[in-house]
Amino acid sequence: QAGQDRFNAIIAEDSRIEPRDWMPEAYRKTLTRQMSQHAHSEIIGMQPEANWITRAPSLKRKAILMAKVQDEAGHGLYLYSGTETLGTPRDVLNDQLMTGKAKYSSIFNYPARSWADMGAIGWLVDGAAIANQVPLCRASYGPYGRAMVRICKEESFHQRQGFEILLELANGTEAQKKMAQDAINRFYAPSLMMFGPPDSDSPNSGQSTAWKIKRFSNDELRQRFVGMIVEQVKVLGLTLPDPELRFDEESGTWKHMDLDWVEFKAVIAGNGPCNAQRLQRRRDAHNEGAWVREAAAAYAAKMARKTEVA
Amino acid sequence: SEQVAEYALRLGDDALILAQRLSHWISRGPEIEEDIALGNIALDQLGHARSFLSYAAKAWGKTEDDLAYWREEEDFRSLHIVEQPNGDFGVTIVRQLIISIYQHLLYTALLDSADPTIAAISAKAVKEVDYHRDHAIAWTLRLGIGTEESARRMRHALEVLWPYVGEMFEDEELHAALGDVAVAPSSLRAAWEEEITAVLKDAELELPTVPFAMARGRRGEHSEHLGFILAEMQVLARKHPGATW
Amino acid sequence: SEQVAEYALRLGDDALILAQRLSHWISRGPEIEEDIALGNIALDQLGHARSFLSYAAKAWGKTEDDLAYWREEEDFRSLHIVEQPNGDFGVTIVRQLIISIYQHLLYTALLDSADPTIAAISAKAVKEVDYHRDHAIAWTLRLGIGTEESARRMRHALEVLWPYVGEMFEDEELHAALGDVAVAPSSLRAAWEEEITAVLKDAELELPTVPFAMARGRRGEHSEHLGFILAEMQVLARKHPGATW
Amino acid sequence: QAGQDRFNAIIAEDSRIEPRDWMPEAYRKTLTRQMSQHAHSEIIGMQPEANWITRAPSLKRKAILMAKVQDEAGHGLYLYSGTETLGTPRDVLNDQLMTGKAKYSSIFNYPARSWADMGAIGWLVDGAAIANQVPLCRASYGPYGRAMVRICKEESFHQRQGFEILLELANGTEAQKKMAQDAINRFYAPSLMMFGPPDSDSPNSGQSTAWKIKRFSNDELRQRFVGMIVEQVKVLGLTLPDPELRFDEESGTWKHMDLDWVEFKAVIAGNGPCNAQRLQRRRDAHNEGAWVREAAAAYAAKMARKTEVA
């Protein structure tokens, strides 16, 4: 009870819970799920972009893309460490990912079909991720909030790079412009869906808000994001594929087209174009690397014995 | 000069093709730490490639991308060893061991190049390659000593790659013509052999005895692999002639 | 007509991409007999592709090679299942099992196509595909029943490929519009399921339960694999526009 | 002694030794070596051409090339069967190949670097092979001679196809013509060396000639081949890369440039550009196929038991 009181006090004064602090099991579980999902998303999210590294159309873009995918691996590791502070080791988390028990951001189950997708993913997908994550920098769990600060910094760098790719294409040849518009057309709706179902249909976020993990509702975040991209797409001289998009003065909100939540749920359920491929790639990398990890462990054990003996 | 550009092209092409090969590991490594490590090495090599190719390109009034994307296979100057497939992680590590020791010696020697640009690029590169060498050596020890399986794979990797070691140390007329600008590859051989022999010994592995292959990448005579590497690397750029990215 | 050509394009693209994938086995099979068998199957599929693509090309005043070498990824109409990597021999066999049963039913139904060319090509193809099916079934039995290792690999292969089965049976408006010329894929589903279920049962394997992927190859929305397949397939032809071979 | 007499008589009357006939051990050994080398050459020889199947520049050429490589696999099997009649099973022969104990035609250790090599290999390499093999159709060992009859028929078909590839290139664009000439430049000397060292330096062929396995000397066969390609290259409108090439009226023979027998021996010794690659590919295919062969054997055994029980 003393623990619970202290926990409540920390939450109330908007201070931070640290790993050694007492915390309710449900809080621990919620955070573990959310942080590991986030980590998994970074790791799986490497794949659509890695798909274009070997084909990047200039050496400069190749270097930028490689560095970006590296950063994602780094974020993944950082978030796994954060999750481990809650008591679940990384190999357990990785198993949950590989067996399909744990989720990751559904957007990565769409293919990266053209080079312009490197732009659209950076601008829209990373953009949506940032909109989601900036408030998480103040999340009540210390390691999570701190990880988010660092990650958000890099993500906004990535978002700018994505925007630059699109800008270059939009000012390029007709074929490049078409490629850019096509990528935006494909990623617009899925990126809006990254904020989750409408508030009217999102019953679970009350507890997260009370625990000061979640600070804004799905729709609030989506609104911010839409407001942002509406302005930015003008700079590109391209369009968002949404005939219904308009600012409604009366409610002070953006009205957009209906999103296909049936598809959204189907993709989460495993029916997306690339779910099977993404998980399989992860499993293949893990399985094919087993002998390497075993050798490294055996070597470390041998060296430890040697040191003991000496 | 044209000859300095030709020399820079050789250094650049080795780094570019190696970067292209290594980058395939990103999202496929045995652990995420290795996605990062091999990715970093690839990124470093790409950086070296860009510096050398930009320098070479200037002599011909071209850009790094002209050289990377618009040359044909026979105009590339890469060594066969960097064109070899990644194989399993062991093959990649052995290739890294072979190349990083070589590049470390080469760039160290090129610190004294009479060409200030080559010396400057080498000065930056040598520090990074030093890390690549540490990485390759650390893994060679782990895999050579680790388990029977890993030792077996390392012996296999050494056999598979050794044929392409000979070419690395072959001098060309270009080297003599360039004098103090270049380093004769043959001059690196003794130190390279000494170093790799020591590492392999520590790793409880042996120098392979398989014969060297006739490999003449420096003359544009490449392995059968390069055509496939270039087809993939150049496909998008070539679909959009004149475009910028 | 344009619509018949569109239909022929679908049949041709499936066969072409499958042929391209299978041809990679030549000189890499588990025994030389399989180099020959898989090569023959690839050659048959290539033959079907050429017939269908030539027919489609005529409607547009083009040639089979215009369609094979000069279309962009989004203009291909292949199913995701034929684009999937070969994997190990087990994956290739399961893909063959899935496709050959499908093609056998499809070409059999197309014998009655109101379009005489489609009917004629199908009449030739159905005999060859019958052999492909025999080959796939024979190996499914051997590998399903053979060893624990082979059974494990077959179960894995089924899991890996099953997501792309759903797309094979999706009807398009085109099918309705073409009436008796085409066969609605959905009409093949029951017979296909019955047949493959029986084979898997004989092979002591089970139908996988993994969900179907949203795959829309018929609309030009391809797997991430197709770009790589085309880069390799088209590289040489595209370097020599207007050339004949 | 009766066996030896009968053997001598068969050889003397230019008739054929059959598998069940008595034969000297040396004859058996020589034939086993020669036939299996020939089989290995067919199998390894698939690789340089398989290298271009996926990139063939027209569907027609792709089909022809695939069929050709198939034929080579067929020849390999046919020759392995022939060799088995001499008492050495195929898996032993295959082991000899994979461990490097058995040789194969050295020409396949050169890379197939361009599409035009498909032409040059067909025209020059298959051409030289045919020149070597036509006399072997009358080889004293029955299964060998019969195999050669069938193989030569297909090979001459392949040679025509190779010539056609070159002819098309020679009449094509400048780039195609250059590609064709370059391929001929690279394959000319190695194809001349396919007939083996000059007679003056080829001490081993006496016994083979006495046994009526070999019917013509290396130089005789080389002369025939040179005479043939000198005429054919004119049709192509291309040249052979040999400034010394001329018909010497006095001796009635073709004089050609000195061939690089040092390189030849080095390639045989394992130093060719592709020796390691070719053998490794064969080993990889074999090793990666082990589980398939084991499964097939296990299945056959299970079925046999079932039949027994029933």
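Each chain gets a letter, A, B, C and D, in the order it is written, and its residues are counted from 1.
The criterion applied here is as follows: a residue touches a chain if its C-beta (ideal position, glycine included) is under 8 Å from a C-beta of that chain, and two chains touch if they have at least 3 such contacts.
Worth saying up front: this structure is predicted, and the values here are computed from it rather than measured.
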| item | value |
| --- | --- |
| Steps in the shortest chain-to-chain touch route ending at chain C and beginning at chain A | 1 |
| Winner on C-beta contact pairs when B-D is weighed against C-D | C-D |
| Euclidean distance of C-alpha centroids - chain A vs chain B, Å | 35 |
| Gap in Å, rounded to a whole number, between the CA centres of chain D and chain A | 58 |
| Residue list for chain C, restricted to those that touch at least two other chains | 227, 231-232, 235 |
| For chain A, residues contacting two or more additional chains | 55 |
| Overall pattern in which the protein chains touch one another (line/ring/star/complete/other) | other |
| Interchain pairs in contact, sorted by label | A-B, A-C, B-C, B-D, C-D |
| Chain C contact footprint on chain A (complex, rising order) | 48, 51, 55, 111-113, 263, 266-267, 269-277, 280 |
| Chain A to chain B touching residues, read off their complex | 43, 46-47, 50, 53-63, 66-67, 69-70, 73-74, 76-77, 115, 165, 168-169, 172-173, 175-176, 281, 284-285, 288-300, 302 |
| Chain D contact footprint on chain C (complex, rising order) | 16, 20, 23-24, 26-36, 39-40, 42-43, 46-47, 49-50, 53, 64-65, 68-69, 88-90, 141-143, 145-147, 149-150, 153, 232-233, 235-237, 239-240, 242-245 |
| In the complex, chain B residues that touch chain D | 73, 160, 163, 210-216, 221-224, 227, 231 |
| Chain B to chain C touching residues, read off their complex | 227-228, 231-232, 235, 238 |
